[in-house]
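Paired with subunit B in one complex and with subunit C in the other, subunit A is shared by the two complexes that follow.
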Partner chain A sequence: MIRKDTLLAWPMIAFMVLFFLAPLLLLLGISLRGAEGGWGIGNFVAFLDDPFERGVLVRTLLLGAKVTGLVSLLALPLVMLYWHAGPRLRGVILVCALLPMLTANVVRTFAWVVILGRNGPISQTMLALGLVDRPFSLLYTEMGLIMALAQIELPLLLLPVFSVLNRADRATLDAAEVLGAGRWRAWFSAIFPQIIPAVLAGWVLVFASATTSYVTQSVIGGARLIYLPRFVYREVGVLFQWPSAAAISILLLISTGIIMLGLTMLARHERLRAHG
Partner chain B sequence: MADTALIPAERARPDLGAILYWGFVWGAGILVLIYLIGPILLALLMSFNSGTTLAFPPKGLSLRWYAALLDPVQSEPIHTAAKNSFEIALCVVVMVTLITAPAAWALARAPRKMVNAVEPILLAPLVLPSLVYALAALLALSLLGLGPSFIAVLIGHSAVFAPLMFRTVLGLAQRMNPALEEASATLGASRARTFLRVSLPGIAPGILAGAFFVFMQSLDNVSVTLFLGEPGRTMLPLRLFAMLEESLDGRVAAVSGLLILAAALLMFTLRRFTGRAAR
Partner chain C sequence: MTFNLSRRAFTLTALSALAAPALISPTKALAQSGRVVAATFPGTWEDAYRTILTPMVKEAGYDLTIAPALAQDQIAKLMASPGQPPYDALLVSPGQSAILIEAGLIEKIDPTKLKNWDKLAPMAQNEWGPYVTVEVNGIAYNPEVVEKPSGYKALFEDPQYAGQVAQIGFGSNTATMAWTEINKLYGGTYDNMQPVFDLIKDHLKDLIIATSGSNQMTMYQQGEVAVFMASTGNVAKLKELGMPAEFAHPESGSPAVPVSIHLVKGASDPDAVYAYMDAAISAAAQTQLGEAPTAMIPTNTEVPFSSVVAEYVTPEQLAAAVYPDWAAINKHRAEWTETFDRIVSQ
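And now, the complex of A and B:
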């Protein structure tokens, strides 16, 4: 039964089912395909059994967790500043958060290649301050990669939180302060609960995008730090191992999916509690 | 601070807690702001660098890399790649607008139950790694006996980026007052006229914002383009990443400068436009 007034929605739904969902189901299908025909989870078992390949999966998930952690630390003071700021400063902060997100990936990655390089500002400043005695490069290190990804993904956490703060009621914080709660307590008890769902939503985006940013991972992480996206690409582009590549990407989806699902359920729970 | 006036006088006198609090908020806040925007400004600065290497700080300022970038002989591969990318991005925007805007508009009026049922599939590409999708799409193509092609990239980009516009249009359509459309119909306007004069202006900023996001993302995408595109038709991001990995050429900085300028210009026009529409 299709309602007449929703008719216009169906072309898009059909498009997404046919061109988005169907290929993914195919991918899932082939990942369950055994080497000698037949079906089974052999590809998954083979991947998880191999210590090196399992290590790549774990390293990728850890990268996501580290980036999400750093992004959260960085976001806190800026979110608080945004909350206290007047409309003009809020506009400036919003522009600063939007601009990195809107500039191309190549620009952000290029900027970090320069920053982390031997002749970049970090190395040169520390050399000038006498903290190190020769120039050094943070390129091709995980630390450099995490720093770059944190800057690149920060807007994904900031923007949903800002949009909640725009709607939030300033009176609650004032009330909490007038009632004698300290500033920190007032902030964490009056404002923080309101932004929790947005924070969780932002975490999902940051985690998903940090674990799968093929380009930044390969350019900044280099050839020695191998994460799942590059691994998958090698498996298909070089080795033509379709079933195993499919299994690896499904594993990536499942592991990020579980984390996202957990966070989403947590967010829903928080929302229910807030409105309950 | 606007809100100090609301704090009773005895609480407004400076104490250690206040210094710590405002120090954290302003000090750390500004530092993070610099972290956020610094790399972009740095990329911009490096594009005016006059040296042969991209050393920091730049030895002098010049437009030599922009000149090198515009040089039709030296930068011919970049120009072709840019042309290919713009073509795709424009086609993707048109295609996404045609399927997404009507859908978002219709779903804003649909029963909540139906929206909840279809929204996950319409928004899934936002969280699904585009690399995984690219792999799946290439698999589907090869099972159909087809090779990489322009159409494949077009469909792939449209499927992955359609949610960006869906979200912006749905947001506006849901906030639109249905009474406006009813009033237009009651006053005797035809359905088409009501749509063109009342509904469309209401969702136009969402379409515009969405089109802008889709265009930039399509221009920027690597994985789908890499897997579904014909090897002979190099796209801009692939060309630039090759340059980034091989030789750190000053022209990458110049392209970055242009892309930053484009993002900034579009952002400000968009803010003006959507800001006025929201008021």
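And now, the complex of A and C:
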């Protein structure tokens, strides 16, 4: 007996079970397979016991946090501009925010190879301004990688916030100003709380995307900055250690999952929801 | 409110669910009689094989689908789908061939099914699949930035190369061959790679470590590096793109690596794979593949070195080439890869 009002959801549920849950369980099963046969948590223990490998996990999570921080800083002025803009300018800002998403991640990444290189605009501009005495490269540096990832992931934070701003009540801002709040204080006390759930949702997306962005991490970060996605690829594509790769994938999933769950719970927090 | 799912609706849903994997599995859909799905290295190999070999295989009565994949990826995909190989034919080097043989993923060929078998050089008549070319490796350099390197040692000892050399880890065949040769120059052996690891540690600040061969090419094109370990084909490609690039043979001899086509165990139509192999070793195909940008060294004795190939390698240099011991490399490769990553990690 199936409830009729849930009937439309069944194809999606079946799809998720077949193509998400089942492969995930398969991955978990493979991760528990021992190198010499048998089953156990040896692959997890081996990874967590090794300071180098543990360091790769921590570095990956820190990369996500740094990118999320920079994206937030970049998004703030754009969000303020969007709020104060008229319908036409809002349309322009929205298109500009969406434009990067219309090109493939690979294309955006290779554009950054040109931008960050020693012959790229950053290096050449600083050289022309006399800020440096010779060309320099930001490729294969963490700073370059964070810059590239921040630009690539920026729309993931902007879009949910813009969506909330479109529905935000301007009367609350007027009320705050009438009650004596200055412009900034009025904005931060009346509008900012309304967009917090959207910001947290954006952070979840940016964090998850930055920590798992294999192409950008490899091309911009190079081989000396090792993050978990490339570590997983190495285990599968070079060492052919599928159980170990599966265990590392599960650990990446769990660690990013915990952070995402924390952010999601924060977004649902009663005090924040009260403002939303 | 509840809903009674009728038997007919349930049957239709179940059948749809069962059919779904077939609908979304392109390799399964491609695995048909009369068709060969051949894995080829991405880039120039892929383009050349698609353009040159597809019509030849078609003429033999089969459809050829070229699927680009790096050698290690080909193995990983085969291992991921035992019993349902995503490819019918592979294109790999001896390092990978040894793994494939050990894992039982490829089978020996029947040379009588290849019309061009007798035209192959004896060294190319491999029982596990014919060698279609020999890649000669060495040092690619930008003559506008650095002088021609005398060999591997100069890259570490001559200050003009500091900060100009790109290297990669042991996941790449080209890099692995270079590292093992450099190791020998500094007194190491396959069983003792410490000299090369010490060398890497000592020069780490001057080395640019890329993630793959193609990543190195990108860095070279952008002017980020002026030297990298490369095949003659890589240099030919850079020249074709208008880049200043030259090839230097290392003082210790150029590492050479044959490239072979293998018949995958469980291939959907082995006769189609033989038609593909035969086309790849034919004089007609190898004559075209010898020209830029592929500039492949022929293994068919009826095909002379093209003028482009002769720019980089003479038959004498090929005869003096170094053929690495892939069994020894495979024995240690995982351990070398891990050690390398730990040394270079920031």
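Worth a mention:
Throughout what follows, the second predicted complex is superposed on the first by the 260 of 276 C-alpha atoms of A that agree within 3 Å, B and C clash if a C-alpha of one lies under 4 Å from a C-alpha of the other, contacts with A are read in each partner's own complex, and residues count from 1 in each chain.
We adopt the following convention: a contact is a pair of C-beta atoms (placed from the backbone, for glycine too) under 8 Å apart; a residue touches a chain by one contact, two chains touch by 3 or more.
Model, not experiment: these values are computed from the prediction.
For the composite obtained by overlaying on subunit A, subunit B and subunit C cannot both be accommodated without a clash. Looking at the shared chain after the overlay, A:Gly34 reaches neither subunit B nor subunit C.
By the touch criterion stated above, A:Leu225 is placed in contact with subunit C alone, subunit B being left untouched. Of the two partner chains placed by superposition, subunit B and subunit C are both touched by A:Phe110.
Considering which of subunit B and subunit C touches more of subunit A, the answer is B.
When the two structures are aligned on the shared chain, A:Phe52 is found in touch with subunit C, with no touch to subunit B.
Of the two partner chains, subunit C is the only one touched by A:Tyr140; subunit B is not. After overlaying the two complexes on the shared chain, residue contacts for A:Gly262 are found with neither subunit B nor subunit C. When the two complexes are overlaid on their common chain A, residue A:Leu154 makes contact with subunit B while staying clear of subunit C.
In the superposition on chain A, contact is made by A:Val236 with both subunit B and subunit C.
Of the residues of subunit A, those at positions 3, 5, 7, 110, 113-114, 117, 119-120, 218-219, 236, 242 touch subunit B in one of the two structures and subunit C in the other. Those residues of subunit A that touch subunit C in the complex are listed here as 1-5, 7, 14, 18, 52, 56, 110, 113-114, 117-120, 137, 139-140, 142, 218-219, 222-226, 230, 234, 236-242.
The touching residues of subunit A, when paired with subunit B in their complex, are 3, 5-13, 15-17, 19-24, 26-27, 30, 74-78, 80-82, 84, 86, 93, 95-100, 102-115, 117, 119-121, 124, 151, 154-155, 170, 173-174, 177-178, 182-184, 204-205, 208, 211-212, 214-215, 218-219, 229, 232-233, 236, 242, 245-246, 249, 252-253, 256, 260.
Within the complex formed with subunit A, the residues of subunit C that make contact are 1-5, 17, 20, 70, 72-73, 75-76, 79-80, 99, 168-171, 208-212, 215, 218-219, 222-224, 333-334, 337-338, 341-342, 344-346.
Residues 1-3, 6-8, 11, 17-18, 21, 24-33, 35-37, 39-40, 42-43, 46, 53-57, 99-100, 102-103, 105-107, 109-111, 114, 118, 121-122, 124-133, 135-140, 143, 155-156, 158-160, 162, 166, 216, 219-220, 222-223, 237, 240-241, 244-245, 248, 252-253, 255-256, 259-260, 263-264, 266-267, 271 of subunit B are the ones touching subunit A in the complex.
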